[in-house]
Amino acid sequence: MLKTATLLIDCPDRKGIVAAIANLLLQLDANILHADQHQDIELGLFFMRVEFALDTATCDEAAFRARFAPLATEFRMDWRLHFADHKQNVAIFVSGYLHCLADLLHRQQTGEFACNLSMIVSNHTSAQPLAEFYKVPFYHMPVTAATKDEVEDRQIELLRANHVDLVVLARYMQVLSPKFVDAFPQQIINVHHSFLPAFTGARPYHAAFARGVKLIGATSHYVTADLDEGPIIEQDVVRVAQNDQLAGLVEKGRDLERLVLSRAVRWHLGHRILCYANKTVVFT
Amino acid sequence: MLKTATLLIDCPDRKGIVAAIANLLLQLDANILHADQHQDIELGLFFMRVEFALDTATCDEAAFRARFAPLATEFRMDWRLHFADHKQNVAIFVSGYLHCLADLLHRQQTGEFACNLSMIVSNHTSAQPLAEFYKVPFYHMPVTAATKDEVEDRQIELLRANHVDLVVLARYMQVLSPKFVDAFPQQIINVHHSFLPAFTGARPYHAAFARGVKLIGATSHYVTADLDEGPIIEQDVVRVAQNDQLAGLVEKGRDLERLVLSRAVRWHLGHRILCYANKTVVFT
Amino acid sequence: MLKTATLLIDCPDRKGIVAAIANLLLQLDANILHADQHQDIELGLFFMRVEFALDTATCDEAAFRARFAPLATEFRMDWRLHFADHKQNVAIFVSGYLHCLADLLHRQQTGEFACNLSMIVSNHTSAQPLAEFYKVPFYHMPVTAATKDEVEDRQIELLRANHVDLVVLARYMQVLSPKFVDAFPQQIINVHHSFLPAFTGARPYHAAFARGVKLIGATSHYVTADLDEGPIIEQDVVRVAQNDQLAGLVEKGRDLERLVLSRAVRWHLGHRILCYANKTVVFT
Amino acid sequence: MLKTATLLIDCPDRKGIVAAIANLLLQLDANILHADQHQDIELGLFFMRVEFALDTATCDEAAFRARFAPLATEFRMDWRLHFADHKQNVAIFVSGYLHCLADLLHRQQTGEFACNLSMIVSNHTSAQPLAEFYKVPFYHMPVTAATKDEVEDRQIELLRANHVDLVVLARYMQVLSPKFVDAFPQQIINVHHSFLPAFTGARPYHAAFARGVKLIGATSHYVTADLDEGPIIEQDVVRVAQNDQLAGLVEKGRDLERLVLSRAVRWHLGHRILCYANKTVVFT
C-alpha cells in the first residue's frame, strides 16, 4: 500500500548529507514527491524536508525508522517522520473574540486542514454555539487568578487524554504558565495582534494607533515561556488609511489575524516548520 | 496672474470651519483644485489641506494672508500657506551608502520633486562624483567626537545661509544633536532601516535577522530629539525569503529605504504632511 | 433627536460647490463628522461625500431634502441622501463554494456590517445549514437553462417584496440576465476570482496557472450587463509560491475573495462608493 | 582552486534523479552550497538548481562536464553549467525614459549584479551622460521604419562581437523583430508597465486608468516573438490612491518597473531562472 510520509531533518552541515538521504530513499524504493532544503550559513546548519511515497508492503514505518536511524546518528541529525495517514488532533483555545475560531472551523470543514478538531476550550461560553454547529466538543473552563494553576492541570490532562498534537490559541486571552508551555513544546501556536517585535504585551492596536504607524500587522508564533518572544511563524501587514480611527485598526487587524494564524496552522499540520535558534524555517 | 497655493490648517474641531474657509476662498475668487480634511475624533482636532488657484492680480499673497488671519484667529488655527512658485531648498546629508542619494538625485532630475537641490553634505567623499554629475554643490564635512559640536555649528550656518527648507538624511550615519534638531523643527526627514518601533538603534537588519521576522521594513520620519521616535511619515515592508541570509535582507531593505524616503520627501515638498501628537496626517 | 446622515454628490466641477454645501449644512445646524471630495480633472467632475449629524427635531429628512433640492438643481448635481438609522436589506446569492458566505455571515454577526441579512438564495442546498445557524431565511432556487428566465422573475419579485437594497453574489455561479441586472442598478456586487481585466470568464485560476503569473488576484465589482466589465470596487493580490500547484492558487485565492468582497460590501453599506464612467470613487 | 558553479537541470520526473546528482557531486568532492528543486506534477517534470564549490585542481570544468554528460543522457536532462568566475556581459537597450537605466547602473556600481555592463544602446541620445558617468560604452542607434531591419542587423552583430549574454530592454520603445529575438533565445528581458496579461500593448497606464483598476502593476519577462506573451519572471503591484490622476499612476509605476526589472536581471545573472511551457521556475 502506497503511503505518503514527511521527513524533517536538521543537523550540522557537511558534505554527503543529500546523497545519503537520497540513496536511502532510492534503496527503499521511495518516490520523492517534494524536497526542500535550507542552510544557515553563519551557524553551519542544514535543514531538509522530504515528502515521499512509500510502499508499506515492502517497507513499513518501523522498517523505515530502523533503516534511517544509523544514518541519522552518523550525521548527528535531529529528525521527525510523519505519515500522512496519521491525522493530528488539534485543540483550539479561545476567549471572547471569535473571528479566528470561526475562520479555523470553516477552513477545517472545507478540507483546508488535515486534522481532527478534538476540542474547543474557552474561559467564556460565547464560542459554544459555533462549537456545536461544527460538532466539535466544547469545554467551558473559566479561569481566575486563584484557580489558574488547577485549571491548567485539568487542561493538560484533558489534552493528553485526547492525544492532542497541537494547541491553537485563537485569541485566548490568558497567559499560559511555564508548566503548560513546557508540556507542549513547539506544539502551541499563538496569534499576536501586532507586527512583532513591535508592540508586545497588551493592547497592541492602541499602542500602534498612539505611535502613528502607517501599517499594522499580526504575527503567529510558537509559544515559549517568554511572552511574545517565541519563534515567529508568519507575519502580515495592512496599510492604515489616514481616516482610520482605533476601531478601524482593530477591524483591519482581525483580517490579518485570521490569515497569519490559519497559515501557521496549515504549515504546522503539513510538517513544514522547523525551529532552531528561536526562529523558524518554513518550507512552503 | 494665476498662482497655485496650498493652505494647511489644524485647529479644534467645531461647526462652521469648512463653510468659513470655503466662503473666504469664494470671495477671493479662488478656485479649489483639491481639498482634503481629517479629524482626530478622540482629541477633537480638525485638519485640512486646500490647494487652490488664485489670481494674484486681484489678490496677492499679502492680501490673502491679511484676509485669512482674522478667520484663523476666530477658529484658533495653526496654519501655513505655501505658493507653488516658491521652490523649496533641499539639503541632502549622506554618509557611505549612496543608494538613497542616487535615487533622490535621479528623481529630482526627472521632475518628481518640485525643489532646488541646494547641497549635498557628507562626512565621506564617496558621494562627490554623484554630486558633480548632477551639478549639486558638495560639502565634505568630516565629523569626529571631538569636532562634532563645531561641525554642526558650521552646518547650521551653511543651511541658513542657503535658506534651506528641508534637510534629508539619506542614510546619514551621525546622530544629530538637539541643537541641530531644534534649529530645523519638522524640517529634517530621516530614513530608518526597520519597521519602527521594531528594531530601533544601530544595525536593525542584524536584529531583524536574529529575531527571525518574516517581513522587513523601512520607515521615514521627522527627526526629533529622541532618536527613532519622531513622527512616522511612511513605512513599507517586503517579505523575507526562506533562503535570505543577512546580506539578502540588506539588499531588499535598500529598495524599501529608497521608496519610503522618496515618498516622504515628495509629500513634504507637496505640503501634504501635518504633525500633531507625535504623529503625521498625510494628505495623499 | 440627533441622527447621522450621509450625502453623496457628483456634478460638474465649478467654483462655489463646497461653500454652498457647507453653508447649507451650517444653516441647518448640521455637524460635519466627515467629508471627502474628489475630482476627475480630465472630465471636469466633482464628487463629494459628507457625513453629518442633524437634529431631526428642527430639521427632519423631508425638510433637509426640500432645502437641498434647489442647490442640487443649481449645481446640476446627482445626489443621494442616506440616514444611518435606515438599515439596508441585503440578499446573498451563493452556489457551491461557501467560503465567502461563511465569512460574510460571521462579519455580520460581529457587527461589521450595518445591515439586515434578508435572505440567502442558492441554486444548491449546501448553504442551508449555515443559513439556519445564523438565522437567515434560505431560499433554494435551482436554475436550469430552461427555467432560468422564470426563476429570475421569481427572484426579482422576492427581492422587491423584501425591499432588498443590495444583492451580493458570493461566488454565485449563474450569469444574471440583463433583465435582472437592470432591475437593480449599482445594487449588485460580484466577486471575480482574478485580477480584472486579466482572466475574465470561466476558470480564472486555471488560466492564471497556465500563464505563469507571479501574483494572483481577486476583484469585487458592480454587476453590469457586460460580464466582468462592471465598475471595479476593490482588488487585492497575493504572491504565488514557486511550489504552488493549481490547488494552491485556488486556496490562496479564497482568502483574497473573502477580503475584496467583504470590503466592497462594507463600503457599499457605508455609502462610500460613487460610480461614474464605469469606474468607482471609493471614499475610505 | 575552489570555484563556485551552478547547475540547472530540467528533465522528466522519475525516481533516482536526486540521488544520482548528489552522488556524482560527492564523488567529485563538490560541496553543495545551495540546492533547490521543483516539480510540475501535472506535466511530470523535474527542475533543479544546485550551487556547489568545486576544487578545480582535481576536477576542472571540462572534467566536470565529461562526468556529468552520461548522467544527463540517462535521465534525458536539459542542463546548463555556469561557473561564477565567468562574468556575463550585459547590454542595456533604452529609449527616452531613463529611470530603469539609472537604477540598473547604480545597482551594478554597488555590486548588486555580478556582470560586466558591455554597452548601452539607445535610439535617443538622452542616456549618453549617464553612460559616460558610469563609464559604459554608449551606442546611439536611431531607428526608423525604413532602417529598422538594417539597424537590427548591426545591433545583432555588435552584441555578438561583444559576446553579450543578456540584453535588458529598460523601457526600450521599439518592438524587436523575430529575427532579433531568435538570435538571443531566453537572453532578452523586457519590462512591461502593466500587470500582464492585463493591458498588453501600448499605453498600459492609460488603459489601467480608464478601466479604473485599484492596483497597478509591472511585469518583467523574457521576450519571445509574441509581444507581451513571453514567460513572466516577476510582477509586482501598488495600490492606486483615490486621488491619483493618470500622472500619479505613471509615477508610481516607475517604482514598480525598477523593482521588477532589477529583480529579473539579478535572478537571470544568478542562474536562478528556468523556462518551460512559456512559464518560468525562479529559484529565489
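Going by the order they are written in, the chains are A, B, C and D; count residues from 1 in each one.
The definition used in the following text is that a residue touches a chain if its C-beta (ideal position, glycine included) is under 8 Å from a C-beta of that chain, and two chains touch if they have at least 3 such contacts.
Since we're looking at a predicted model, the values are computed, not measured.
Looking at which of A-B and A-D shares more C-beta pairs in contact, the answer is the pair A-B.
Fitting subunit C to subunit D on Cα positions gives a rotation angle of 180°, stated in steps of 5.
Ranking all chains by how far their C-alpha centres lie from the centre of subunit B, first place goes to A.
If you average the CA atoms of subunit A and of subunit B, the two centres end up 42 Å from each other. Our note on geometry: subunit A versus subunit D, Cα centroid distance of 37 Å, whole angstroms. Contact with two or more other chains is made by residues 34, 36, 243, 284 of subunit B. Those residues of subunit D lying in contact with subunit A across their complex are 15-16, 18-19, 22-23, 25-26, 29, 31-37, 39, 239. Those residues of subunit C whose C-beta lies close enough to touch subunit D in the complex are 38, 41-42, 195-199, 211-215, 217, 231-237, 242-243, 245-246, 277-284. Taken together, the subunit A residues at the contact with subunit C in this complex read 34, 36, 98-99, 102-103, 106, 110, 112, 129, 133, 241, 243, 251, 255, 259, 284.
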